[in-house]
Amino acid sequence: MQRSQREKVYKALLFCSALMALFVIILIGGFIFKEGLPVFMKYGFKEIFWGTEWRPSEQLYGQWPMVLGSIYITLGALCLGVPLGVLTAIFLAELAPRKLVSLLIRPAIELLAGIPSVVYGLFGMTTIVPVIRAISKKVPAYAEDPLLSTGYGIVAGAIILSIMILPTIINVAEDAIRSVPQDYKEGSLALGATHWQTIYRVIVPAAKSGIMAGVVLGLGRALGETMAIIMIVGNSPVIPHSLLSSVRSMTGNIAIEMAYSSGEHTQALFATGIILFVFIMLINSLAMFIVNKEAG
Amino acid sequence: MSKLFKSKFFAIVLVMMITVVAGCGQEKEAQSEENELEGTIQIAGSTSVQPLSEELVKAFMAENNKVRINVAGGGSGAGVKAAAAGTADIGASSRELKEEEKNVKEYVIALDGIAIIVHKDNPVNDLSQEDIKKIFAGEITNWSELGGEDGAIHVYNREDGSGTRGAFTELIMGKEVSITDKAIIQNSTGAVRTAVAGDKTGIGYISLGGINEEIKALKVDGVEATVENIKTKTYKIYRPFLYLTQKEPEGVVKAYIDWVLSLEGQGIVAEHFIPVK
Amino acid sequence: MIKPQKTERVAKVVLWTAAMLTVITLVLILGYIFLHGFSKLSWEFLTTEPEAMGAEGGIFSSLVGTIIFTITTIIVAVPVGIAAAVYLCEYTKNGIITKLIRFGTDALAGIPSIVIGLFGFAFFVTLLKPLTGGWSLISGALTGACMILPTLIRTTEEAIKAVPASYREGSYSLGATKWQTISRIILPTAMPGILTGVILGIGRIVGETAALLLTLGGSLFIPTKLTDPASTLSLHLYKVAMEVGAMDVAFGAAAVLILTVLFINISAALIMSLLKKKTIA
C-alpha cells in the first residue's frame, strides 16, 4: 500500500472511532424513545407525565411522584453538598498547607469519588436510616404517620447523595478558583483587603461561573444516581408532603421494577427513562452553556 | 524507552483483540451425541429462582461434566418472554403465569411459602387473615388496635410486578382491595427482612426460605408458617417456582428438568424451599 | 460593627471545618465498613466459591468475574477512545462535525448509568441476543464501554494536547508522515496521561452496578466465554445485601471493593509519577 493511501485509511478509522460517542448517544436516545413512546401515545403525555398514581398492575403509569421524588432528593443533596463542597474548594485553593492537601485531603476526595455507590447505599441503610427513624419516632407529629417515621426518605437520601456529589463539586470549583488570575488577588491585597475579604469579594465572584458549572454537574450526578438511592429512600411512589416522607426516584423506579415487569409495564419504565434522559440532557446543556460562556 | 513502550502496548492490544475474536468463534459447539449428555442450556428469568437454579445446576453439572448450564437473572417477566420466544432454553418465573402468557410448557419445580414477618420484640404473635388485609390496606394503622404496643404500623411492601407481591395480593388482599400507598417499597426478600429487623413497628412479607432469627414470622389464623403446614395446605400463602419451555423439552433440557423433578433434585430444593414431590 | 480581623478568623475556622468535615465523612464511612467487614476478610473469603446463594462461603467467582469483566470492557473501549481522541486533537479543525462529536462525548458523560443500562438492555441484551447471548459478559462489557468512553476520550485528549508542539514539528521536519508522528511521537509521549484515563475508567467499571443489573446477568459462576452471564463484586454485594440479606458477607465484599478502589487510585498515582520521572530523565 502507498504511504498516502495508508494515511487515508488511518484517518478514516480514527474518524469512525471519533463518531462512536455521538453514535452511541443517538442510539441511546433512539432506543429509549422507541420503547417508551408507545405509552405516551396511548395514554397521552399529560396522563403519564403529570399523572399522580403509579400502579402498573392497574394500568396507571403516572410519573409525577417519581419526578417530584427525584427533584426533592436532588435539591436536598445540593443544599447540604454545595456549601460544604464550595467551602472545601476555597480551603484547598487558598488556605490549605500544601502537604496537608497532597497527603490527606486530595487522596480523601479521590477515594470518596471512587467508593462504589452500592457501598454508600449499604452505609446509609445501616447507619443513617436507623438514626433518622429513632429520631422521628420521638416526634409525635411524625410518629403517627407510617410514611414519615420509618427513617427511609428524602432526608436520608439527601445526606448520602450530598456526600456522593462532594468530589464533583470540590474538583470543578477548585479548578475555577485556581484559574482566577493572580493579579486580582494581589491587587485586592495591595488595597489593604484581608485574605477573607479578597476571597469573598474578588476571587469567588470571579470564579462564579466555574463554581456554578460544578454545582450543575453535581446536580446531574445526583439526579442520575441509582443504587444508593434505592437502598435508602423507601421507594414509595407517592407525592411527598414532608421532608421525612419516603419517596421514589426516577432512576429507582427503573432499577426496582425492570426485573419483574412485562409488556406495557416495561414500556412505562422506558417512559421514565425518557423523562430522565430529557432532564439530564437539559442539565448537561446548561452546564456546557455555563462553561462555554466563561471560556468565550 | 518510548519505542519499546509503544510496541509493547500495541502487542498487548493485539493479543487482547485476538482473544476476543477467538472467544467469539468458540460458540455453539457440540450438541448432544446419543446417550451421553452434552450441550449447553441457557436459563434466564426470575431473580428469586436464580439462586435455587444455581444450586441445582452446580450439582447437575458435577454429575454431567460435559453439560454447561448458564443461569442469568432478568426477572420473571423476562423469563416468561425468553421462554416463549425460545431465546432461552428455560425461562424461570416466581409467579403464576397470566392468562395471555399460558402459551408455554410449565413445570412447577418448587413451592415457596410467604411468611408475614414483624420485629422480633413485637408482642403480637398471631393475626387473622382479615387483620393482615386491613393492615396492608391501611385501615389498621396502630399496633395498639391489635393488642400490641402503641406505635404506627410501618408496612413494608414489594415492588409492583414481583412474584411475592403478586401471590400475597391474590391470596390476602383479593381483587377489590389494594395495598396502601403509605408503604415502604423494598425490592427483594433480603431488603424487606433487613428493614423489618431494624424497625420495631414494621410488618412485611417474605419468602419462607428467608426467615431467620433476626425477625419473627407470625401465625396466620393460628397456623404457623412451616414447610409441613404448606405441604398439608393448612398454611395457604405460597407461590410456585416455575420452569418454562417453549415446547416439549428434548435432549439435555429434558434431562435437566427431569433431574430437577427427581428425588435428587427435589432433595436440593428441600434445603431452601418446599419440594413438589 | 464586626472587625475584619475577626471575620477573618471566623472565616478561617469555617473553611478548616468544611475541609475536615469532608475528610471525617470519609473516615466515618471507611471505618464503619471495615469495622463490620474486617472480620470476614481472609484469604479463604477471597478464594472460596459462594455457597447457599451467596450467604455463605466466599466471593471468589465474583472477584474473578470483576477482573474478566473489567479486562473485556477495557479491550472494547480503549482502542476506540484513544482513536477518537487522536482524531479530535490531530485531524480536525473546528467544524460542525467536530462540534457535534464533542457535544456527543460531553452528553454521553452525563447520562446516568441506569439509562445506559436501559439502552444496553434494549439493544445488546434483547435486539442483539443471537450475537451476545442475552444477559452476558459481552452485553455488560459493551454497555460498560459506552459508559467509560467519554472519560477515556477526555483524558487522552488532555494528554495529547500536553505534548509540546516542538515534538510534532521536529518529526514532520524529518519527513515523517502524520500517522508516523502520531504513533511514534505523540502517543508514546502522552502515554502516562492515557494510562491514567484507563485507570480512571477501570475505577468506574469496578464500582458500577445499576447498568450491570440490567445487562450482565449476575450469575454466580465464573464465565468461560463471552456469551456467558457473569457477576462483579459490586453486583454481588448488592444481591447479597438486598436479595439474600447476608449483611456480614455484604460488608466483607464492601471492604474488598474499597481496598480495590484504593489500590487502583494508588497505582494510578504511582504510574503517573514513575512515567513522569522517566520522561524527564
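Letters A, B and C mark the chains as written, and numbering starts fresh at 1 in each.
Everything that follows uses one rule, which is that contacts are C-beta pairs under 8 Å (C-beta built on N, C-alpha and C of every residue); 3 or more make two chains touch, one makes a residue touch a chain.
Bear in mind the structure is a predicted one, so any value in this text is a computation, not a measurement.
By number of C-beta pairs in contact, the leading pair of chains is A-C. Set against the C-alpha centre of chain A, every other chain centre is closer than that of B. Chain centres here are Cα means. That of chain A falls 32 Å from that of chain B. Per-chain CA centroids place chain A at a distance of 18 Å from chain C. Each of the following residues of chain B touches two or more other chains: 47, 73-74, 186-187, 191, 194. Annotation for chain C: residues 79, 241-242, 247 touch two or more other chains. Across the assembly, chain A contributes residues 125, 231, 255, 258-259 that each touch 2 or more other chains. Contacts from chain A toward chain B in the complex involve residues 54-58, 125, 129-130, 133, 137, 143-147, 149-152, 230-231, 234-238, 246, 248, 255-263, 265-266.
Looking at the complex, you find that chain B touches chain C at residues 1-3, 5-6, 9, 13, 16-17, 19-20, 23-24, 26-27, 42, 44, 47, 50-52, 54-55, 57, 68, 70-74, 82, 87-88, 186-191, 193-194, 210, 212, 272.
By the touch criterion stated above, chain B contacts chain A in their complex at residues 46-47, 73-78, 80-81, 95, 101, 138, 141, 151-155, 159-163, 169, 178, 181-187, 191, 194-195, 198-199, 201-202. Residues 3, 6-7, 10-11, 13-28, 31-32, 34-35, 83-84, 87-88, 90-92, 94-96, 104-105, 107-112, 114-123, 125-127, 163, 166, 170, 194-197, 199-200, 217, 220, 223-227, 231, 251, 254-255, 258-259, 269-270, 273, 276-277, 280-281, 283-284, 287-288 of chain A are the ones that touch chain C when the two sit in their complex.
Interface of chain C with chain A (complex): residues 4-5, 7-8, 11-12, 14-16, 18-19, 21-23, 25-26, 29-30, 32-33, 36, 79-84, 86-88, 91-92, 100-101, 103-116, 118-119, 121-123, 146, 149-150, 153, 177-179, 203, 206-210, 213-214, 234, 237-238, 241-242, 247, 250-251, 254, 257-258, 261-262, 264-265.
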